[in-house]
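Read through the structures below before going on.
Heads up, the next two complexes both have subunit A, just with different partners, subunit B and then subunit C.
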Partner chain A sequence: MNVIRQTLDRVSIPIIAILLGLAASSFFVALAGANPIDAYQRLFCEGFGPKGCATFGDLIFVQAEQEDGSFQTVFSPTYGAGGNRLALVLEQATPLILTALSAAVAFQVGMFSIGMDGQFVLGGIVAAFLGYWIPDQIYLAAGVTDPETASESLRTIMHLVVPLLCIGASMLVGAIYSWIPGILKIRLNVNELISTIIFNAIAVQLVGYLVNFPLRSDMNNIARTRRIDDTAWLIPFNRGIFADIEWFSGARLGIGLIIALLAAGLVWFFLWRTTAGYEQRMTRGSSLFARFGGIPSARAALRAMLISGALSGLAGALYILGVERRVVDGFATSGTGFEGVLVAILSKESIIGILLVAPFFAGLNLGAINFQFGNLPRQLGGIIIAFIILFSSMEDFIRLQLAKLTNRGRARRRDKTPGEAAV
Partner chain B sequence: MKGKSQAMTSAVEMRHIRKFFPSSQVLASDDVSLEVAQGEIHAIVGENGAGKTTLMSMLYGLIPPDEGEIYINGALAHIAHPHDAIRLGIGMVHQHFKLVPSFTIAENIMLGIEPNRGGFIDSKAEAEVVRELANNFGLPVNPNLHVRDISVGMQQRVEILKILQRDAKILILDEPTAVLTPQEVSELLSVIRKLAQTGRTILLITHKLLEVKEIADRVTVMRRGQNVGTYKVSGVSVRDTATMMVGRAVTLQVEKTPAKPGEVVLKADNLLVAGAGGIPAVFGAGFELRAGEILGIAGVSGNGQTELVEALVGMRTTDGGTITLHGTDITHATVRTRRNGGLAHIPEDRMIMGLNLKTNLDENVVVTSYQHEPYSERGIFNFRSIRSLAQNIIDTFGVRSARVGEEIKTLSGGNLQKIVLGRELKGDPKVIIANQPTRGLDVGSIEFVHKTLVQERDKGAAILLVSVELDEIFALSDRIAVMFEGKILAVLDAATATEEQVGLLMAGGSLEHAESEKAQE
Partner chain C sequence: MISFLNRYGRQLRILLLIVGILLLLFILFGLPMNLLQSSIRLATPYVLGSLAAIIASRAGVLNLAIEGMMLIGSFIAVAVLYKTGLDPLIGVLAATIAGGLLGTIFAVLYLRIKINLIILALAVNLFIANATVFFLRTSFGAFGTLADPSIRSLPTIQLPLISQIPYVGSLLGGYNAVVYISWIMVIVIWGVLFRTQFGRHIRAVGENREAAVSVGINVTRVQIFALTLSGMLAGMAGSFLSIGVLSQFVADMTAGRGWTSITVSLFAFEQPIPAFFTSLFFGLSEALSFYLQSRPELQLPPDLLLALPQIVTVLALVLVAIRIRAGVLLRRHNFATQFTQELQKLRQGQLIGDAPPKAPEQPASAD
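Presenting the complex of A and B:
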């Protein structure tokens, strides 16, 4: 009973926030001259729905056309046929999960670091560069002139080692890039919010420069780096083990998601089951209490910053090695890291919450990208997300109103049974 | 004023008030009725968690009662919010002051009701209003001082002026003397008397029965959410009141045998410690603490005691001098090294330093030992042993209403302090540094803390007791050190020292001075 009430309590606020966010955005939809309900059906269908999705109902069951031309009712989330967007949602959610975890770890030591963007793009560029540079060096050392002719065993070994090296390097770079604001905070009391914002700007400009000049591979209209070697590629499911399953066919969803889920489990274990996680949570809860108990708070804070940076670096590496396979100009300004921060805030740093909110965000983004409805601009997705965040930050207010409503209900019920209230 | 409490209508009448907190399953007010006459000083006494503050919070509109009615000056009142209470002439001074440190006294008093000229705050008029108000009530303040720069006693005065400016006729004072020095206490009591003489009604929540005896007309005793009875103060003894509060007989004196001091375990020599703003707060203080004794440090609060304690436990840097624990120099050691060396610390502020109220009981009891087996192995917690540690503390220290794995923020002050004691005394510490260990506690809890400290002493622990309560210093100490302006002025044998001697030293007098004064009497 208690568990149900607690879960209900925890879930009710985000759901109310989402509904309020949609309601408030309706104003802007109506302003553009569209029916909000129709617009949202469209948005959610484009974000989460299967092929042919047109109504909210289609998000759950849809009439699927069979080969013989007949129609059959199918459960939408499992409906493959190259039409389901859920695989795509998960593909896009993977980096969000990791950057949100990154933000959560930093927040849970009381560091309001929002440097995920900078760490993410640096992690990405490092993986993109090493993804072809390391194989080049190995081929050179092995005397292979054309990678196609390399022996099968060499390629197998490389396929096991190269991605690991790239990921490791990206995580290291992310960690270092996060450690600097950490040490600045601890030694010189530099506000970590400001320093991470500046570090983000530096990283974004640096990656933009690298893509446009030293690492630019060809004279393609949009600057881009060389494609990573096949041995560095984390082959997505639709090209690898699940090539036959239709459900995966539309997305470059791959081992990255599994790594992200694993990371979520590890972060949870770290925060709630280890002494190091305890140290950082106590430091955040009451710094005076932590000092009183002899907890090495500065060390805990730096450790958290390192872990946080490594997670964002990992996000960048997985995105490049598994999805994009190269850095294209504009990658640096995608804002994936910052969206991770929003996911972490909206889910209140709860790991389960992050795993739920990240796909939700990814779906909204997808829906907004493919959104074509009357005169409505694509920015609608952004407006909705902004409103949802606004309303979830009004948690206390919503809670108060809820309490008032239930109290009033209780009072009314009591009034209906006269005599009981009078003492 | 005493005994002259008859009036036509009661200033406050609360009838059959009931309040249940579902979150903590506590029935804080169980059919409580209370009647307070106009111009009366009415004390409300009871243990921590007896429901005194809850009752007064309902009167002030902070918490809505579940059932019952409140009458103010004979008329039924609906008090849903402090605004309503203020409109009805009710003012409350909370235990923890609600002032803005960076504002001046005048700005704090006039907050929200600033006199303005063309939309801008008229600071001169503000200061003038406050000065006049202060003079009218004989509570002199300098309106232009910043609240962060004034003493706790002065802050309290500002709080009182603040509610008087809002024309309060009924004043609720929640534990007003808990944070004051003896001098400030007697000043406050005379202020309260003066206010009652102007026809104002005073509701005084307190633990200190001697103060009740000294000042109140009537006293209401609360126990576990119930009104045990309202009595004329002149007709009931302190001992009887204490018995009613606790529900059993209490020994106000601590029973202890003479100390058997052993070797010196903690030694501080010529300490130099900076306080807030880098100004030296401890200035050449030194002492020797032996096993099996309680050394009391007496002094008016703000004379460097906090800084001394923080330097001893390692929470504050020592700028000069040495601290030795068992012959090892620990002057610059970390908190953890000192704790591992057998040092325990019962801090001044259990709410934000001694405990982390944002987390559960288990994580609170393990803060000093989490990195050791069996509580963790190779950095991973063993929750079973932590839970059994928590249960053990609940059982041995009788922490009522605390449960393993659950939140502690709803527990009463006494129970919270028991948790702190349980954690700190676990594993038989060699040195216990107790800073104001009974501040804000009720009689029963004070008795418990005192007994526990004496027990630890008898087991051979060396105890440094810092307290601004002279009664406590005299009740527990074997030797008394008096601290004044960052120095230890003298160390006296508790058996022969007198309150007058110590009091004089606390005010900065010398021992010779104290003795000559004694001789004159």
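Presenting the complex of A and C:
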């Protein structure tokens, strides 16, 4: 009973925040001359709904057209014909989960690093480059001129090794790029928020340069790198093991999600079940107190920054190796890393919270990009997210207001009771 | 290292000063005039932005929403002028008011509802970045860029007397009104901070909140005023970006200048007048990046040149941190040496009270 009440207590604020956020944003929708309820229906259907979704109800049960032309009510999340949009949501949520974990690890040590964006794009470009460069070198060494003719065993071995190498390199690059603001903070007390924002900008410019100049593969209108070799590709479910399940057919969802869930479990274990994680959480409380307690707080903070950077680099690598397979100009400015920070803030750095909030954000973004409603632009998604963040951080204020409301009700009842007794 | 600093500190400082003066002479006479003019022009958002950061952090609140306040200023300035044909100065005024309003809202959310400052700043910046593009589309039907002949940029003003002087005239004259206002604001903010009652209150609140409360200063009110002022300055800086340089609004046109402004204020140790000169330097780095881009014969990649101001910013952050750190280390070291000397004297039998202890040898002053 107590557990239920606790969970309810913890979940209530984010849910209130989401509802308030939607309510506040509906003001802007109305200002733009659209009906908020219709707009939200459209937004959520495009984000989470099945094919033919038109109302909120369709998010749960939808009338699906069968092959013989009749309609049948089906449970939307499992309805797979033509690919379910939730698979797409999970595909987009994978990098969000990892960057949010990255942010959570950094926040848990008290470092307000938001450098996930820079680490993410650098991880991505490293994976994209190594994804064709390493196989090239291997083919060269093995004397294979045409990759198609390479022996099956060589390709199998490569398929096991190359992605691991790419991911490892991306994680390393991310970790190094996160270590720099960390060491600047610890040794020189440079504000990590400002330094990571500037580092993000530098990484974005650098990746933009790399895509446009040295790594540009063809004279395509939009600059892009060469496609990674097939042996470096993390084959998505719809092309690999679950090729017959239609649920997956529309999305490039793949092993990345499993790795992300695994990473979430490991991060939870690290933070709450190991000495190093304990040191980290203590350092956040008060780094001076932790130091007097014999905890090497500087080392804990640096370790957290390294882990955080590696997670963001991993996110970038998985996104390139599993989803995009090449870096296209504009990848750097997509802001996925920053979304991860917002996910971590809204979920109050709890791991389960991240796993729930990341798909929500991914679906909201997906819906905002796809929905065509009047002339509402996709920035509506950003406005909603900003309001949700704002309201969720008003936790104390909302609790106070709720308490006041209930207290007033109680007081009124108390006032009434003696009066009635007198009568 | 520390003893070296101690012994040669003065010489080192003189050396740095000479290098600085030589660099300044090179910048003033070795670089082309139009580069210098554009760096002075491009320094304006940093001048105003860093003043905004200074006034807020002097009041004890790190204003991390300057980026959003600048952006709303840029947007409002253009939105007011669009199809109305009003004087551009009205646009600047509207931007200033809008920035001030956002500053007040920010202050109230932070001080009354007590939202975490960093999260609040991130949310405000995110909101403004999205809302400007949202209204660009819904109110003006524009996709990412709002340009129209009815939006006029600020006219340049020739200063009456100064423009007659040969070199200085072209260096200091021929900018638009906001540039001159920003120079005046440096003096005004300096005066407000250090010569008025309100400024004393701001500094008192920033230095020690509890003490300020105990002498009867209304801390919350002072902070709200400071953040409003900060927002107004940032809004004006934003209006310069949209109608001072160009005459259009582009989505996310502040491009990190708000964050750089915070760095400028840190670099200048939250002093208005040093902040002005630091801003000039940042303006130069930005102008240089544009200047080099405009010369294709140099074969420099544009993306990397765009990163030049950011790299300068990181270097500035590190430099100022090293300076602070070195100061701390130096003080600590000097204290330790002095302490050891005293201790040795005690051990050698110069007991206190026996004879008045001689003043310890003063190590080279380390401030």
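Convention: the second predicted complex is superposed on the first by the 410 of 423 C-alpha atoms of A that agree within 3 Å, B and C clash if a C-alpha of one lies under 4 Å from a C-alpha of the other, contacts with A are read in each partner's own complex, and residues count from 1 in each chain.
As a convention for this text, a contact is a pair of C-beta atoms (placed from the backbone, for glycine too) under 8 Å apart; a residue touches a chain by one contact, two chains touch by 3 or more.
As the structure is a computational prediction, the values presented were derived from the model and not from experiment.
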Which partner, subunit B or subunit C, touches more subunit A residues: C
Which superposed partner A:274 touches (first subunit B, second subunit C, both, neither): first
Contacts of A:240 with subunit B and subunit C, given as first, second, both or neither: neither
Which of subunit B and subunit C A:385 touches, first, second, both or neither: second
First (subunit B), second (subunit C), both or neither touched by A:292: first
Subunit A positions touched by subunit B in one structure and by subunit C in the second: none
In the complex, subunit A residues that touch subunit B: 273-276, 278, 281-282, 285-286, 288-296, 421, 423
Subunit A residues touching subunit C - in the complex, by the definition given at the top: 28, 31-33, 112, 114, 184, 187-191, 193-195, 197-199, 201-202, 205-206, 208-209, 212-213, 341-342, 345, 375-377, 379-383, 385-387, 389-390, 393-394, 396-397
Touch list for subunit B against partner subunit A, complex: 16, 18, 31, 67-68, 313-315, 334-336, 338-339, 345, 347, 349, 352-359, 363, 366-368, 370-371, 376, 379-381
Parts of subunit C lying in touch with subunit A, wherever the complex brings them together: 64, 109, 113-116, 118-120, 122-124, 126-127, 129-131, 133-134, 137-139, 141, 256, 259-260, 262-263, 266, 301-304, 306-307, 310-311, 313-314, 317-318, 321-322, 324-325
